[in-house]
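Each of the two complexes below includes chain A, the first together with chain B, the second together with chain C.
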Partner chain A sequence: MVKLLHTLQTVDRRVLYALLLLSVTLPFMPTFSNIKVPVKISPSTQKLYDTIESIPEDSFIIFGTDWSAGTRGENGAQTEALMRHVMKKKLRFAVLCFDPQAATLTQTMAEKLQKQYGYSEGENWCNWGYRVQEQLFFKALANNIVSTVKADTRGRAIETLPVMRGVTSAKDVKLLVNINPTNSYTYYIQYLQGPYHIPLVFAPTAVMAPEAFNYLDSGQIAGMLNGLTGAIEYEQILNVVGRATKDSNCLSAAHLLIIFLMIMGNIAMLLEKRAAKANAAMHLGGQV
Partner chain B sequence: MASLFVPAKGGAWDIRVVGVFALCVLLFALLQLTPKQYRKYVIQFVTLIAGLYYALEFFWPISHVTGPTKGEAEGNFLTPSMEQISDWLTIIAAFTVGLGVINLSMVHSKRLTKGGNTAFNSLVFFLATLAMVVVGVLKKSHPNSLTSNLYQILFDGALTTLDATMFSIIAFYIVSASYRAFRVRSTEATILLITAVVVMLGQIAVGQALTRGIHSSTLQVLHFEVVRDWILTLANAAAVRAIGFGLGIGGLAVALRIWLGLERGSYFDGQG
Partner chain C sequence: MSLSSYLDAHVLHIVPWVGAICTLGLYSVLYKENKIFRFFEHLFLGLATGYMIATTWNDVLLPKWWTPFHDEGKWWLAFALAAGALYYLIYSKKYNWMARMIIGLFLGASAGQQFQIFVNDVWPQIYKSFKPLVPHAAIAAASGHPAIKAVTTSDAINNIIFMVILLCVMSYFFFSFEQKNSFLKGTAKSGRWLMMFTFGAIFGSTIMARLALLIDRMDFLLNDFGSDAFGDNGPKIVLVGLLALTGLVLYLGLKKGGDDPGADVV
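Then we have the complex of A and B:
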């Protein structure tokens, strides 16, 4: 028994790695991928949906994506879900990125979805591309969008794009969307949401979400998607099966594995401690 | 000043590029020639002026002003220069990329010349940097299907894939750590473990399904997703708010010290 407990305590880490690998790949097999377990819509997700729904059709919004391939699992799924809703609502949007990879990754995503929703680049959406220094960029952007952004990623002057019609300053922006694995969403609050009262909706990774609940509480963030779960909930509201829904089982399996390992590790530790105590008591008894 | 920033083309562009380059060389030479004991004051002066502009622009009363290019905006007499100064700072920030490349090149060239186990990695660094720069510039200067495809291979095929791989590796460490390190050795650790398990179960579809069978309206507060929301929006938010206040006050103090040249450290004392 003690030997077994000791073995449990010292499992080779490669065994754990193999278990994780299986838990994140098996759910994608056809047998498991067909299992759909619904989730309950959290209040923060519902608020986000209601905020986008409240924006009148053809309004102009800024669609900020600040993620790279490292967090594509969560932020990619959130971007896809939110972009679907924005396109479904027929809102005009400009992609704005403060991460060099985000501009290309979001462009690819928008190009893929635009066919489905009858959107076209330049007409209904555009890509302002990668920018630096959020604080300075937002301060300048708030007063004059045209002279601050100047051109889109294809080098076209933005004032010539139909998507930008009637948009000159922050006052013409009706919503801010920010999908961001860091805490730089606070720049959106400081320089755009606060001074110009533009609603901001936010989609962080699950590890970053706890920091943002205060802003949600204060109303500075109008709605929030909490990691991949938030994206799953959002697809459920939109009634679409997208990237997030497909990843749901994988997320469940990985979380369950971690919980299982935490519990097993602790049980093994406690039982080993008890066994060691019993052994010590036995030795002591023998000596007496 | 605004006329300086009108985009130039052809010969005028070439002249400006050469002019700016010459100016940069001159400024760099002047800074190098400045005696070390005075450099500190140059840095302090530039920091004070740069900070003063933003502080005044933020606190000065606002009214309607005409922007430098087109349209009206709200602001004060300093606001119209905001775009140009933002451009300057963007350019200065871009220099840090160059600084990073120079630093990395110095480290890796040393390793490459020394040889040994790490030399191959350094060689890969140089080849990868060169390939990305050359293909990136070619894509902009000669846009065609070949340069576009090459860029796509390097960006999608290599950079984003490697980035995703690096980040994914963390998951394996988390699994290993959750098994080996997350132990209930104290009351605090036990509370942490229970909280983590409840939040994780509330975060996944399967976890939520476990308590879905509880239909009683009074017991619905025991649903994992309800408990998760309570922990995140009340217990967690209160702690984060307290940390946020501390960070804010600390950040303000550090910013004031740097702005007023009171900070002691490598930026100021090192130049003295």
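Then we have the complex of A and C:
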């Protein structure tokens, strides 16, 4: 028994990795992918949905994506879910990136989804591309969008694009969307949301989400998607099956495995301690 | 067929293969630190840096600086180059004082903006911390204003919990005087524990975030790469291959025995 408890406490970490691999790959197989794990919509996700729903059709919004390939697992799924809603709601949007990889990754995603929702680049959406220095850029953008952005990623002057009709300054922007694995979303709050009272919705990675709850509570962020779970919830509200929904069973299986291992490890530790104490008492009794 | 025309014709099939090899190469670190992992790590770092330099030139410097300066005759933009170049004088022992001019300029501009930033960033959080602690429905009804909402009993309880946590955590940060008072000691200690809960939540979220990244890679290997390389049965073939590879590595590793070779690395 003691040996078994000791073994449970000292499992080779590579065995745990193998179990984790099994738990995240098996749910992709057709047999397991039909299992539907119920998802409860969190208030922050619902708030985000309600905020986008409250924006009138054909309004212009800024769709900020500041993620790179490193966080595609979470931010990619969030971008897809939010873009689906924006397109479903027939909102005009401009993609704005402060990460060099984000402009290309978001462009690819928008091109893939636009056919499904009858969107076309230049007409319903455009890509402002990669920009630097958030502080100075937002300062200038708030006053004059055309002279600050000048051209989209295809080199077309933005004032000639139908998507930009009637948009000259921050006052014409009805919503800010930011999908971001860092805390640079605060620039949106400091330079656009605060001074111009434009609602901001935010999709961080799960690591960054706890810090953002302050802003959510104060109303500076109107709604939030918490990592991959948030994206799964959002697809559930939209009633679409995207990449997040496909990943949901894998995430649940991996969480179950980790919880199981934690419980087993703790039980083993407690029993081992108790056995050691009993041994020590017996040893002491023998001596007496 | 030349190499470039071959690559052009088969690029859509080559990319998933390269992606799969790179993914497996990087995950090889889970067994132990090795040269294959180091190679792919440096490859990715180099790619990301190169991509950033190219994008910065194409999306920022070319349209914003070079084209207006070179093609549109805006000669005064040459001063931007001179000002930007001042940053690099930090590496010169003799002229590093000149770098301080440009750094000072931007520090000053940034400090000036802090007033606006503070008001927009922190102030809403401060005044939203003053929450009603007593349930009331009559005030909201009497005011008739849509912004004034009725406070239910559960709202009031939530708000009281919020205030207790806020005050406890803030009391922990009273460093201006020694905390001798037993009440203050108690609240400060509670504040520390409450912060620990937050850090625990952040740590839990970190695990979820890392799992999401692993799932994304497995999704790529099984579905994107598998379907492209082996057709409809691709995901199953890749899964069997992946599990066989893992099983083999695990068997050889455990058979070899001894210390866990990468325990101190990962």
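The rule we apply is simple: the second predicted complex is superposed on the first by the 288 of 288 C-alpha atoms of A that agree within 3 Å, B and C clash if a C-alpha of one lies under 4 Å from a C-alpha of the other, contacts with A are read in each partner's own complex, and residues count from 1 in each chain.
What we mean here is this: a contact is a pair of C-beta atoms (placed from the backbone, for glycine too) under 8 Å apart; a residue touches a chain by one contact, two chains touch by 3 or more.
Just so it is clear, the model here is predicted, and its values are computed rather than measured.
After superposition onto chain A, the partners chain B and chain C occupy overlapping space and clash.
With both structures placed on the common chain, the touch criterion links A:A209 to chain B and to chain C. Legend: residue contacts after superposition of the two complexes on their common chain; A:S33 is shown touching neither chain B nor chain C. Using the contact criterion defined above for the overlaid structures, shared-chain residue A:T51 touches neither chain B nor chain C, since it reaches no partner. Residue contacts after overlaying the shared chain place A:T168 against chain B, while chain C stays out of touching range. By the touch criterion defined above, A:L20 lies against chain B and chain C together after alignment on the C-alpha atoms of chain A.
Using the contact criterion defined above for the overlaid structures, shared-chain residue A:A254 touches chain B and also reaches chain C. Legend: residue contacts after superposition of the two complexes on their common chain; A:T182 is shown touching neither chain B nor chain C.
When the two complexes are overlaid on their common chain A, residue A:Q114 makes contact with neither chain B nor chain C.
Legend: residue contacts after superposition of the two complexes on their common chain; A:K246 is shown touching chain C, with no touch to chain B. In the superposition on chain A, the residues of chain A contacted by chain B and by chain C overlap at 13, 17, 20, 24, 68, 70-72, 101, 132, 139, 206, 209-211, 214, 217, 226-227, 229, 251, 254-255, 258. Partner chain A is touched in their complex by these residues of chain C: 30-31, 48, 51-52, 55-56, 59-60, 63-64, 110, 113, 116-117, 119-121, 124-125, 128, 198, 201-202, 205-209, 211-219, 222-223, 235-236, 239, 242-243, 246-247, 249-250, 253-254, 260, 263, 266. Interface residues of chain A, counted against chain B in their complex, comprise 11, 13, 16-17, 19-20, 24, 37-40, 42-43, 68-72, 101, 104-105, 132-133, 136-137, 139-140, 142-144, 146-148, 168-169, 206, 209-211, 213-214, 216-217, 226-227, 229, 232, 248-249, 251-252, 254-259, 261-266, 269-270. Per the touch definition, chain B reaches chain A in the complex via residues 67-71, 73-75, 79, 82-83, 85-86, 89-90, 93-94, 155-156, 159-161, 163-164, 166-167, 171-172, 174-176, 178-180, 182-184, 193, 196-197, 200-201, 203-209, 223, 225, 229, 232-233, 236-237, 240-241, 244. Residues 12-15, 17-18, 20-22, 24-26, 28-29, 68, 70-74, 76-77, 100-101, 103, 129-132, 135, 139, 150-151, 153, 155, 186, 189-191, 193-195, 205-207, 209-211, 214-215, 217-220, 226-229, 243, 246-247, 250-251, 254-255, 258 of chain A are the ones that touch chain C when the two sit in their complex.
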